[in-house]
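Worksheet: the structure to be examined is printed underneath.
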């Protein structure tokens, strides 16, 4: 990648804490509520991290990129209208499977992505353990555990945004089947994304 | 490169198997309690209790404590007499516009911009929206709303909607503006149209509730009952006549958690700020506009014009035309204005219901327009028919009960 | 342990019955079937629909939950229902007390000043009370029982 993305789109299932995380990242004023469908329009904010500026967009929650309702189509439109944007996919650590579907769709579209594993505090309370490193290895994009409530991991996430990474879905599939040894890049990197890929 | 849907799900499964391990989780008392709030039998009882608490706290705080306890005294015993004394020339136009009736003994009757206008917006509506938003935020943040949606699903399916429609409905009880935007969570155009129309017609906003509580405390129950029936009846009818589908959805129920007070405080501050910024000027301006129209003879002329409709069909005095015009600006103002007109209790109930179901206020109108002008036009047509039919119906009920 | 459990059962059962009876009395007083009651510290005014009919229904549900808890399978479900029954009583009692508080802070329409005197404020909380307020301390005992059992298990 030659130049850093200037726009960061936040997408994820409804009620995973996107708006809460958005407020943490940008100091913004997005409305946070405990029910799906709080955000039906997008909110914009500004994030400055290590000298780079990002226009951050908090999009309405969606289960997939095939929109079912008007709020979801706002998100789908945002994604196609911002082809150069990096996508921050937020997963609920207590229900990773649900959000992964959307994360895969984003990856398939060839978008540079970062994944935030939000609600990590709630997952811990419910004795759910997510192997972040394994997830990162399989997906080939950075994965950061966060909690928008306690603020845990939010700084790391902000730092990681510039390492947003494209991944090849076929390789993801291979790695999910346990075939890790396919050469990823000339450098022989495992595709964890941590190196930034450049 | 895109995968077929099924393969994508398989991949999700494969990845999840490799990365997620769920330890043994023992259900705790909180989980079982939470479960009881969504089971139909126990859940409905809980909903009845929650609504009770909501209304009780609302009326104790806004009605008894702030408005009756302090505001009425401050406005009627200090502010009004003082204004009446220092404002020059009681016979002038500016006196009429700003102070109103020089002989008025309370701020409801004076009807000047600085008397009734300020009293309604600051003395009555502000405490009402404050406590309303506080409680609504707690409902939102605790996670109770989606559970209410699950409970209400069967009922809402009868009127062409699904349980999630409870979200815009409850938001609408605070203010119809965010509620109209919230209809975006509904899937089909049919659902959104039904929801928006019902919202605009039958859901009174928090400001209006606050004024109703103050001026017609004994009749609020009846008004709400009529509105609720109207919501059901017209929803049922709209569902039959509007083409489109009403798909089943799986309502996603997030876990309960304690509202974070910082988040609650932030929302409360933001919502109150926007009330002060957007609503208060509207109320003040509304009083002014109505007074000007009154002076210009417009209201008198309209009242004469609509007299047959109002008196024979709706069974209310022709003076209610004035408040109906004000209702387009602010419904709370219109209800306050109604309270100064001499009417029988049943006429009052009818008039307040009419004010509620008649045209949405300007702010709601604007957001509805933004959601689509075709829908808005259709909604207005439905609304005109509704006002006509339902107003007559209420009058008929009154005649049958021997009270009208 | 066994004796203890049967005592808890008995207590919750009795409390449930009493709550149920008071809830019904609230509703009946509103419907005019019984005269409004004022015995000693207890008062059932029955004067408005919202407080007495609706609030009475909430009390009835509370009583039924407590009774229902006795027939439920599993300790967890039993405790949850008993607590839910208690919460119903708390809702009514809490809103009653809050209403008193809201009435007692301002001086009242006739008085010239805004705030009530301290004596007047305290006087606002004098008996008689509604049934829910009187039952409040008894429902708190349920919580005590459950905590006790929790620490037994641990």
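Per-chain numbering from 1; labels A, B and C assigned in written order.
Going forward, a residue touches a chain if its C-beta (ideal position, glycine included) is under 8 Å from a C-beta of that chain, and two chains touch if they have at least 3 such contacts.
Everything numeric here is computed off the predicted structure, so don't read it as measured data.
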item	value
Longest centre-to-centre distance from chain B, chain (CA-based)	A
A-B or B-C - the one linked by more C-beta pairs in contact	A-B
Separation of mean Cα positions, chain C and chain A [Å, integer]	49
Centre-of-Cα separation between chain C and chain B, whole angstrom	31
Chain A-chain B separation of Cα centroids, rounded to whole Å	38
Partner chain C, residues of chain B touching it in the complex	27, 29, 32-33, 35-36, 42, 45-46, 48-50, 52-53, 55-57, 60-61, 64-65, 68-70, 72-74, 221
Touching residues on chain B, where the partner in the complex is chain A	1-3, 8-9, 11-16, 18-25, 137, 140-143, 145-146, 149, 164, 167, 181-187, 192, 252, 254-257, 259-260, 263, 266-267, 270
Residues on chain A engaged by chain B in the complex (per definition of touch)	13-15, 29, 31-38, 40-41, 60, 68-71, 74, 94, 96-97, 100-101, 104-105, 108-110, 122, 126-132, 134-135, 138-139, 149, 168-170, 172-173, 176-177
Chain B-facing residues of chain C, complex	49-51, 54-55, 57-58, 61, 64-65, 76-77, 79-81, 83-84, 87-88, 91-92, 94-95, 98-99, 101-103, 105-106, 109, 114, 146
